[in-house]
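Below you'll find the structures, each written out as structure tokens.
Both of the next two complexes hold chain A, though its partner changes from chain B to chain C.
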Partner chain A sequence: MTIAASAPRVSRRSFGFDPSKPILLLFAAILCVLIILPISWLAYYAFTDAKGAFTVNNFQRLVADAAFLDPLLTTFMLATLSAFICCAVAAPMGWLVSRTDMPLRRTVRLLVTASFVTPPFLGAIAWELLAAPNSGLLNQLFRELTGAAPDEHLLNIYSFSGLVFVISCYTFPYVFVLIANALDRTPGDLEDASAMLGAGAWYTARRITVPLALPAVVAGALVAFLQAMTLFGSPAILAMPAGFHTMTTKIWSLFQFPPKPELAAAASLPLLLLTVLLLRGQSMVLGRRGYSVVGGKNSEPRLVRLGRYRWLAIALAMIVLACPVFLPYFALLNATFSKVASHLVSVSNFTLQNLHFVFFELSATDLVLRNTFILGVLAATIGTMIALVISYVTARRAVTGHAVLGFLATAPIAIPGIVLGVGLFFSYTRPPFVLYGTLWILLIAYVTLAMPAAYQQMQSAFRAVHPELEDASRILGASRLRALWQITAPLLRTNVVAVWCFIFVGVIRELSAAIMLFTSQTKVLSVLIYDLNESGDLAAISVLGLCMLIITSLIVLLANKLTKLGGRPATAGI
Partner chain B sequence: MASVELRNLTKRYGSNAVVDDVSLTVEHGKLVCLLGPSGCGKTTTLRLIAGFVEPSEGEIRVGDRVVSTPANSLPPEKRNMSMIFQSYALWPHMTVAENIVYGLKLRKMDRETIAKKREAILATTKLAPLAQRYPGELSGGQQQRVALARALIVEPETLLLDEPLSNLDANLREEMRFEVRRLHDAYRYTTVYVTHDQSEAMTTADLICVMNAGKIEQAGSPEEIYDRPRSEFVARFIGSSNVIKGKGLDQSHISLADARIRCAGAPITAGAETAVSVRPHEIRLSSTPPQQADNVVPATVIRQVFLGNSRDYMVEVKGGTQLRVVTAADVAIPPGGAVWLQLPPERCRALVG
Partner chain C sequence: MKSTISRRNLLIGTSALAAGSAFSTYVRAAAPPPTATTPALIAAAKKEGKAVWYTSVDLKLAQKIGKAFEAKYGVACQVERTGAERVLQRIGQEYAANVHAVDVVNSSDASHLVIWKNKGWLEAYVPEDVAKYYPAEHKDPDGMFASFRVFLCVIAYNTKLVKKEEAPKSFHDLLDPKWKGKIVKAHPGYSGTIMTATFQMVRDIGWSYFEQLAKQNILQVQSAADPPKKLALGERAIQADGVEYLIFSEKESGQPVEPVYATEGTPLIIGPNGMFKAAPHPNAAKLFQNYCFSPECQQLCIDVGGLRSVHPQAKEKPGRTPLSKIKLMKDDPAGVLKTADEIKAHYVKLFHV
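What follows is the complex of A and B.
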């Protein structure tokens, strides 16, 4: 049951100047610039022709032309299949980790959480190393073992099924964490109550455990669907060489020479609408059952004993983990220290040349690392500050109209990165704001994309600090600001640090918006990796990728340490 | 018919005995309360009976079946028991009606019987208008009644209740106490009830087991426990009591402020410091020396409070021992006044240990 924290409170008015209005207006203006401006330009471009007259021509071309319909269909199939595979793998894994006595279940959970830090495009490149038809390590192994001809291959990652596989690999952790956490939160009493009435383990699982986990599975399927639908990196790396497009790569290609921005705008709108619809659908599926746990104290769940199937369970879990974690990391490490990326490291083959090349010879490295670092720090700091203020205002109902602020802050959750990129491109390539070609436009993109997750985390943190704690300080004579500073701020310190870290990590990983907005002087790490993939320099990518993984892992680790999140998602929402 | 019997039941976590050599027999149709402060092992005892926890030593019998031994424990679903959880454990994805008939469906009853039983229990528990609601949409008291209905509809041999009223507000708690007893009388299953609230235990139980540190301190009827506490822990935990310490004179006398006080209860060892319990309202207080001089001690009023239908005194006898005394409201003696206390011999219970 929820605590009375959400009960309406009488808004307080201090004597004289009332600061609530200007604060509201200021932050509403910031959010409007961040969100409404790009979306409006997007809509404007989609509905006008080159001369600026109203037209629906762009949409007609979109529907009539097979070059647009095919990507739409591909994207739909891709998202559906990925969502299905993710749930089919994540649900049993989540159950094994949360509710059974499977050996090493803590390690399994940790490893899945660790696979979060792998950006999907890096995973896709690692799988290129593993399963490209000719040079892929797994295909070489296959030929070695079976003696097949040099032109035969077992796996081809440059295919629709390859793309589905790789996207599922890096989406399934989201679903897994949702399901495992939902199972953790389901009180053991609910299952015990069923057992007391005479239900055996399987009946209880079928009638109680599974239905209770169902909302998490549905939510997970939706997250997976959205993720697969809006990803840019993996399809760009795997689908375009195979000669087909998804919506995101299509939108991107419309910006290549000769650019057709009005078509890109028109193609972005369906993606945006679909995202909004799916998010609405999610809240409808959950319905009035509410699924919030009823009642007071609960006991720890009893673990299901797997008996002799324990070892089978852990073996299966390890095989699943091999796909997003063990194999790709092995391939990246191998490429880092091998003279030829597609050859296994041996004594004669071992080299540090790749490291030397990336850090001392590649001219872009310096600039890119500097850009990424500056953007990461700025976006994390600004994003955390905005999230902090808005969540305070909404959690404490400090000004009238706080609900609008809350809505605006969560709205970007429905804007795919690439769509935002297109919108920002339109907004800031013209007066009065000419920001294209500067780091500012990337900063705006990052802050906007990070806002929903940052806001939600800060808000739940504020909810956990009961307003009476502040009230107690004020009744003893502290002013509102002093109460905030002395009571609330220390209690929220760890949350602030965590949010900062999550935004920073999100910036390092981001590719879909950056790919639309970068120029040669404002390249970031993810874009450089993408470029190097185009030029086939896989060894350099491996070095940069591992570099990136080490930085993000350290930051995630730090954030986890500070907030003691334990098994909870380290990068939720990013 | 099913009595419940615990024989030398022990549960250890590591070297810590949470339940320590507990033996208890609950006859069929009786309602027994396990009463004690939090951490005394009462909930673990209940979960042992339910089969959620396996004993380290000892055994549990239901009727003539052995259901729990350290080596072999019948799973909860095979015990034909019902349980009401402290959290109620209502399934949030099922309506009230679905929650209630869950156990019947498991027993593969036909649709008509299920419907008939459902309507009957909905009527008894006054839940009929709420049948299609989800648990999240009910108040605490309504949720509690759903939990009761769900447990009772299967007509269990044994009903287990784990602090079922602790999440309700005071008024509702009082009402539900009598409801639990009424339903017990109507159905007559063997009931084990865990609570830390002594008045809840008093109003519902046939037999109260006061537990402390994993052991049963005293088992008996509510009257027995209240009137004849055997240990200081029981005397203090059940109702309020003065526990006075004095030197033993012989088998049935102690010395308090130079007066010989005759006591009942455990035999007293001469020369040993002995604790005696006497309840505040059983002491007679007067402003003049009573004619009958047995068990009388002079004292001084320290403070007194008017409580409407009674007056609450704190008095001090020679030697500094303080006692609480409850008198009729019209006995008004100001602080500092001299009084005489008469302690009825049969109400002074010498305590063990």
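What follows is the complex of A and C.
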């Protein structure tokens, strides 16, 4: 058990041929192409005019125009509030699930997983069904209960606060997972030591548990902020009907006919800058505090006994889960079998027409389901491999320039998917890489977009595994790759499966890049659902959404089953 | 985005568009001889397996047409539905990247067909019905497109939320403060119907109407097919614009909606079909074009879809106000072509999104 002041440098061996070097370099090269190519095109567009001459005019237009500054401010407030709400909810819930004897802890984790496999745009649409001011089911219930006038409402989802709420609902699982996993890995003996030395439960929590979980909370806040900032679907669905833009929807609107790619490229740079600053901020907050919590010895964490508060705790957890899971899926289920989505299913209102439409009339159904799942499996497999290797390199500082690799892997998070989509569009519609119109361009987009979060997760997993175990293996003569394969990989198996599932689900959730890159033959589910929302086909969305949830859950469960060979169930990891 | 040419630029170098008449953009030119549906054409189409139809007509209707076509000929119809302005962007984007996926296109913004024709992308192809029955003002003289569907962009209201006596009679009635927060409206940047309607309304009643409407706290949706659905849900009491055909089909399936034909006139929308030269399934495309303009398909569009038709053999459905009894605004694709970009930009300024 070690709490190291800093991760010790791994000494590099200077003799013999280590095949890990060329392999690592290859991964570095892949990453460079994945990320630098589209970003270069964006930079080119941001700094040139229509004729290709250098200009800063695009930025001047941005700064001078309130139509750009308003969305920037809105986005910043949105992301800050969402990050705050997510942490405020996820931290206590993560603790309850990981470190207390709250009843139904496993179930709560599973349900958070369910909320995680829900794409935010689907959640936003479900919340339209629930909380649209007049037709929303919850508002109807409110009027029913209070006898309020027909045009009075309790909730209005088409508003800034509505948007913050929905985004928080579907960003909170990220934070929850990070925190719960960190707490899982935190050994109990430090807390035991604290208790033995006479500290009370609260004192121990404050001085031991919270500081140990802090890196995860900060990382969670960062992920939540960036998710909220770069999300496209939810604001497009909720903000635009209300008459305001966020940066992503603004950038997207700049690509509508007649497109202004140069302004969109310029508009994305403030987001990039903000993200870089945040990443710097994160490393400053965490500072030199590198916590290695898995060492050569381990002990199971001790559960805090909640006593009679157990039931209060589970009640609160269930109320929280109602927002991203129970209520939305109830609304979708209702819309699936109802003739009119805003009416509750009854004998006179029941219909199977919506199911029939989606599975027997809608010609896009087969195509998009096939495309989506091919892409999901491929992107998850490739993305996990890349993230694993790169986070190993940076966590263990295996090659010179590892910091650059880390930055590259994190960089896409700063780019809204939609802007990356356009960068990729420019990169891969001309020789030598003509990929537009194929699934490859989408695969590249998904892998690139998944990289930051996958990398962050893998890296925090690596950070938690102290290099002493690998060092032991290498001292005994194993190569770097062999040590990675035999020692580190088994320790990280749960994390690897979690990251695979994470990317897979990420592909299903992804809308903003796909919407720039699809063609009629390479359409994916998210794009189809977005299309259906624009034309108000809520019933078809509900059917597709539920169908998607079922298939995704099955695949996630299967992935966990396949790898659950003696280890802790990886469901815990997602 | 190589296709960033604005529509105004497209006009330069094309022959003058005769103002006022819908499609007589050229003096009678050489439309190819009409093609009938022959067993040979059906066999060739079957070999290709499917026709890909990009359209902006409401999805349920589009799929019904596709399924009816498939049932009749055993050739599938892959429907790619989105707003007409998106269809324009999609095809431009795909063609710029040399992706030729579309066989037949249908747009509710008739000026798009002129754009594609001027780019030389459309195939001169005249279905037999078009040659025999369609009025001259509803077909392109060069045989590149014809009016597949005709409909209106109407005000409508939810009869449970608004009493008949209190319902608005005109566009200007919508500006009454009592409707604040109760109106749903679609977007000209997405919908060809709304683009066309906005053009006609700006021309006939002016931007001042939209300036005031923008202060009514409207629910801004995208597709012109959405407002009728929002009315049926009870989400808003009134639609400022939206397609008439869904008001018909919602009403006839028992939903509490009712169209209003504004005293200022109602925008007339024409949605032509055209076939692409580079169609990946040329025979299936031809067969589908023939089917689309057949009395059978046109009647399906009327009966099931609520559309109107210019095929003389198609019958209007009883219970709907006949087109001849409605005061219409005049359609003018040439005018839309000239001003669409300005209209979109100005609209965004007024409505913020």
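Everything below uses one rule, namely that the second predicted complex is superposed on the first by the 394 of 574 C-alpha atoms of A that agree within 3 Å, B and C clash if a C-alpha of one lies under 4 Å from a C-alpha of the other, contacts with A are read in each partner's own complex, and residues count from 1 in each chain.
The definition used in the following text is that a contact is a pair of C-beta atoms (placed from the backbone, for glycine too) under 8 Å apart; a residue touches a chain by one contact, two chains touch by 3 or more.
None of the values given here were measured: they were computed from a predicted structure.
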item: Simultaneous placement of chain C and chain B on chain A, clash or fit; value: fit
item: Partner chain(s) touched by A:362 [first = chain B, second = chain C, both, neither]; value: second
item: Touching partner for A:195 - first (chain B), second (chain C), both, neither; value: first
item: Dominant toucher of chain A (residue count), chain B or chain C; value: C
item: Contacts of A:531 with chain B and chain C, given as first, second, both or neither; value: second
item: Which superposed partner A:258 touches (first chain B, second chain C, both, neither); value: second
item: Touched partner set for A:440, first chain B, second chain C, both or neither; value: neither
item: Chain B versus chain C as contact partner of A:373, first or second or both or neither; value: neither
item: Distance in angstrom between the closest Cα atoms of chain C and chain B, superposition on A; value: 49
item: Chain A - residues contacting chain B, complex; value: 187, 189-190, 192-200, 203, 207-208, 211-212, 214, 288-298, 302
item: Complex interface listing, chain A residues touching chain C; value: 50, 67, 132-135, 150-151, 158, 239-245, 249, 253, 255-259, 261, 340-342, 357, 361-364, 367, 422, 425, 429, 434, 436-437, 519-521, 523, 531-532, 534-538, 540
item: Chain B residues within the chain A interface of the complex; value: 50, 52, 75-83, 85-94, 102-103, 106-107, 134-137, 143, 150-151, 154, 160, 166-167
item: Chain A-facing residues of chain C, complex; value: 1, 4, 6-7, 52, 54, 58-60, 63-64, 66-67, 76-83, 85-86, 88-90, 92-94, 96-99, 101-102, 161, 181-182, 189-190, 218-223, 225-227, 229-230, 232-236, 255, 341, 344, 348, 351-353
